[in-house]
Amino acid sequence: MVIVMQAGASPRQVEHVVQMVREMKLKEHVIVGTERTVVAVIGDDRQKDRTVFETVEGVERVVPILAPYKMASSEVKKERSIIPLRPNTSARLGGIKVGVIAGPCSVESKAQISEIAHAVKEAGAIGLRGGAFKPRSNPYSFQGIGEEGLKWLAEAREQTGLVIVTEVMAVEQIPAVAEHADVLQIGARNMQNFNLLMAVGQQPKPILLKRGLSATLEEFLLAAEYVMKHGNDQVLLCERGIRTYEDYVRNTLPLASVPELHRLTHLPVVVDPSHGTGKSHLVPDMCRAAVAAGADGLMVEVHNDPEHAWTDGAQSINPKQFEAMMKSIKRIAQAIDRDA
Amino acid sequence: MVIVMQAGASPRQVEHVVQMVREMKLKEHVIVGTERTVVAVIGDDRQKDRTVFETVEGVERVVPILAPYKMASSEVKKERSIIPLRPNTSARLGGIKVGVIAGPCSVESKAQISEIAHAVKEAGAIGLRGGAFKPRSNPYSFQGIGEEGLKWLAEAREQTGLVIVTEVMAVEQIPAVAEHADVLQIGARNMQNFNLLMAVGQQPKPILLKRGLSATLEEFLLAAEYVMKHGNDQVLLCERGIRTYEDYVRNTLPLASVPELHRLTHLPVVVDPSHGTGKSHLVPDMCRAAVAAGADGLMVEVHNDPEHAWTDGAQSINPKQFEAMMKSIKRIAQAIDRDA
Amino acid sequence: MVIVMQAGASPRQVEHVVQMVREMKLKEHVIVGTERTVVAVIGDDRQKDRTVFETVEGVERVVPILAPYKMASSEVKKERSIIPLRPNTSARLGGIKVGVIAGPCSVESKAQISEIAHAVKEAGAIGLRGGAFKPRSNPYSFQGIGEEGLKWLAEAREQTGLVIVTEVMAVEQIPAVAEHADVLQIGARNMQNFNLLMAVGQQPKPILLKRGLSATLEEFLLAAEYVMKHGNDQVLLCERGIRTYEDYVRNTLPLASVPELHRLTHLPVVVDPSHGTGKSHLVPDMCRAAVAAGADGLMVEVHNDPEHAWTDGAQSINPKQFEAMMKSIKRIAQAIDRDA
Amino acid sequence: MVIVMQAGASPRQVEHVVQMVREMKLKEHVIVGTERTVVAVIGDDRQKDRTVFETVEGVERVVPILAPYKMASSEVKKERSIIPLRPNTSARLGGIKVGVIAGPCSVESKAQISEIAHAVKEAGAIGLRGGAFKPRSNPYSFQGIGEEGLKWLAEAREQTGLVIVTEVMAVEQIPAVAEHADVLQIGARNMQNFNLLMAVGQQPKPILLKRGLSATLEEFLLAAEYVMKHGNDQVLLCERGIRTYEDYVRNTLPLASVPELHRLTHLPVVVDPSHGTGKSHLVPDMCRAAVAAGADGLMVEVHNDPEHAWTDGAQSINPKQFEAMMKSIKRIAQAIDRDA
């Protein structure tokens, strides 16, 4: 870190900062500038509370230099990670092929999930999404069909071979979800539910981690680090849009996070244009843009009857729209020497 | 809700929307304007997925009319709620007196918590805050001292009579926290941890619910509604700042939320200027501003040695600064015919 | 507009609102719901101050229904506009071909602008950008080379045939800029400089209008409407990123604005990934994503020696990177049945 | 500035950075850390384009250390500035007394402005606001009554002795506005209209500079610096709220900017809770909060008949509400040892 002293800080104040640095078992380098003195701190300060210096008299501010995550960092592991989604299959994310996970927001019935599974498989998806446990802002809204939905998802896998991706909302749901699903999804609202992150880090199935509604990339990677630190390095990062002042979308989808994450981390990056816009008419264009930006995968809400979807109808496309979109992203992927 | 049709929507499209409204057991009122047709929907649509209409051909957008929360709403309960913080004491929030809860970010030791408790009690606080379980963005940071810290807090209560407010991060921590604390705090990152909200709703101690980092007031009140719907109507709302583009603060503290919440809900509103700014030099002024804006309570981080605080030193004030602040907010409170 | 009354509004309060509506020469339609009364207002209220109802007792809020712009709206003109950039040439934006405008942030010297012009022309650009008048946040920064720079730009046009796009910052600069340039650029910071918008609306050359740093799409289209209302309907909309809490970029580039603008307006949409990210390493990927999202044009900062650029070096790519990018966007454009 | 090299940057890359620093006539200090090398740059780099280093191979990012403004900085002038608003009167801002400027959004008629002037004078205001030239997002909205309005304002001054504050939107309006007004207001949308800033810097009347809708404090102070650098150091900073995702207000009013600006600059700080909330029912509480936060002045929209205000009715309070608010802020001011 670099500690910037106020203009006019006294030598005694600088000395006090130096003492504090040494107490932390770090080394300092004092640089006297023309207008300000700066104390550069040498050593690994990731586990220190850097902000504490801001309370010290004479200190203007503290600038962190080292990124606080390690295992997720591309500095530690330079080659891109390829994450297998299910043992003994070719389904994976992070390689040359852009993989698409599609399905309804909520599992509604055995017939619904089966019908959609066949449709998205046909169009080229590698995974099936669908929520059995649903985090809902409104306590009066449908809260998910529960465990039975997990079984229907598993049956859809038997029928189609698709990888099953579904959300786990709470520590106590992990055994049931891990029994039936291939990939455990952590929702945006739980990105900093640290107890949940630690718990899914202690089981072996891959994690699809959604970016929080207003998370920085650093916070996002630190959430991944929580999972990795507890033993599970199979983490997929999912950009799903952020909250801004924009009002024509449910969320603003900042696609520059895709190349930036590829610079910062070795983990694969999936984009969810359904939540990332909240409007079905924007989804196909943003799927194309996400692939062009370099996304390793897409997560898309598809419903056989959006008008009667129990949840998120407004952002779901239908199987026919999905099929057309899949054809076009294949062409986009090839234009950047990938495949879909 | 009001469903706005696109300019040029066909009579058949309008008819289809009307059919959908009736299928939902609601009534419609079609208004043909000079440029657009609008379908006003009559009846309680709180439990319906209103956005589903946005997928329908010919629909431009959907405008909700009814607020989705009920129990938290000032329409249902007009008089302000006064929440007792501990049985058989006068400690309460929501009345004429502005109550202050103060203490360190983290419980560090028995001596630390006892010293700070005495200091803040002396200066006029009614409650003691301090985290034994700490949600930390960084998995390598100090994660809280755990259950022993809860006992030290309880001992500080024995010594001072202060009400104990401490965070519960996970469902499995509820029994221990509820045993020792008077008020259970739900942190900003858990504001939409719905399983946790439901669980604290099923126990009787008051809940201090922090606003999420980028929560709207509607989402904030829906989170309170989760707790209330499950049986616990003793909810304190805590404004702790929101994430914006501003970079001189850790969070932007939007104090207009105080009078707006007082308009929307009967629940008391507490302001946390420590997290709401992240900078100790801004805390006293923002405490004064919060009281002037009508806050029912304050939550303030106070540390006996901020330079060596294990967490959040940068936003902690010391007991001397706290004492001076308490004197001034008493004067501010009196200037608006309240007390502190 | 729809005026939502408070729960419990009295008949007299509703009557008062109805009176006000009639005073405005509009018609009302009162809908008594189960919990609230709503007053739907019929007629063109674009020129009325709708918010005035919010001061009236018993009114909860006002919901506008009609978009306030007309000439820019796709409801008024359904087919997409194709804007010729220079008479007697084929340079245009809005058709099947994605047009690229490239060049340095600032015009620095005759040699520099000439060298870059040749390089970008060679790689396939149709336009040359370069600022002679520079809006700078910092009064001590380089403020642009001034009128002489306009002449160098015009000379570069003679040499290459490229269309010249350059910024006009003030009403008094219009004659000089319009003399030398083909397209007048209005910068993001001037998007709501209404006097400037009116003035460029009164001259005939096309306008490239940049989206303001935190403009909504409605405000963006209203700014275009200012230009069009004063006589000039040759407006190109340029998405250049918005201000959010994200800190790894200078601006967040929200590409969903491209298909949304195509839905709302007939005007062409250009994307500027240089300002939209502020980081040269993100520019090529975001150029590709913008084209895939449906952009009609790109505006890209290219410098022959970014390390020594007088301004915006950090977001400029060099001619070699530009050439590679041009090749890849051509492939992307073809993948969506366009060309570049 | 501090230039942070990437992990693994080569000695040659570091050497190249050092060369560039020296070319800029600055000095460097290379610090080799355990994980990264950092180049600290010594000397005044305010006029250099610091971001240029970000294009250099091996550079991770650049951290500015020196604030780019000088004349506005509290480092250059330590005592707070007191700005006289009109010669030969006691009206001033920046001293112990909190001054209030009040009046309608728009000047509508001679009678209206006179009636409001008397009412706000009576209640204790020191200044009268009112727009004759109105920046409006919508080209079809009322654009201000023009020069005649300036005369009515001047007449109201004759009658009441109030200081006149009114907006100047364009360079060509300066002579007329400066002839009739005492203080020239630069609106939020013009905060970075640099030509206008330079022009008002060349005339002697005080400037009330509104913070831009999404301006950082640094950009705000740089805008003030533009005015000061061109000769006019009589600048009042006006916080009027910022754009965030919040939707119950027109803008989010971040009052921590008041004490932070007092730390960064010697210029007085005025708060405008009318634009800062956009809702008249929130204005009085936020006036109180602003004074408690340390504001040197308030700017408040007051209309004798808000329901029929031509503009901004929704955020205007009436004279009776204004009078009550003035009484309460006087008490708040006294509670912090000021006066109002």
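Labels A, B, C and D are assigned to the chains in the order they are written; within every chain, residues are numbered from 1.
The definition used in the following text is that a residue touches a chain if its C-beta (ideal position, glycine included) is under 8 Å from a C-beta of that chain, and two chains touch if they have at least 3 such contacts.
Since the structure is predicted, the reported quantities are computational estimates derived from the model, not experimental observations.
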Which of B-C and A-B has more C-beta contact pairs: A-B
Chain of greatest Cα-centre distance to chain B: C
Intercentroid distance (Cα basis), chain D paired with chain B, Å: 31
Distance from chain C to chain B - Cα centre to Cα centre, in angstrom: 39
Gap in Å, rounded to a whole number, between the CA centres of chain B and chain A: 26
Residues of chain B engaged with two or more neighbouring chains: 214, 243-245, 247
Chain contact graph, described as a line, ring, star, complete graph or other shape: complete
Residue ranges of chain C in contact with chain D within the complex: 20, 46-47, 49, 51-56, 68, 135-142, 169-172, 189-190, 192-195, 212-214, 219, 222, 225-226, 229, 243, 278-280, 306-316
Contact set on chain A toward chain D in their complex: 2, 4, 7-8, 29, 31, 33-36, 38, 40, 42-44, 63, 65-66, 75, 243-245, 247
Chain B residues within the chain D interface of the complex: 214, 216-217, 242, 244-249, 252-260, 263, 276-277, 281-282, 285-286, 288-294, 328, 331-332, 334-336
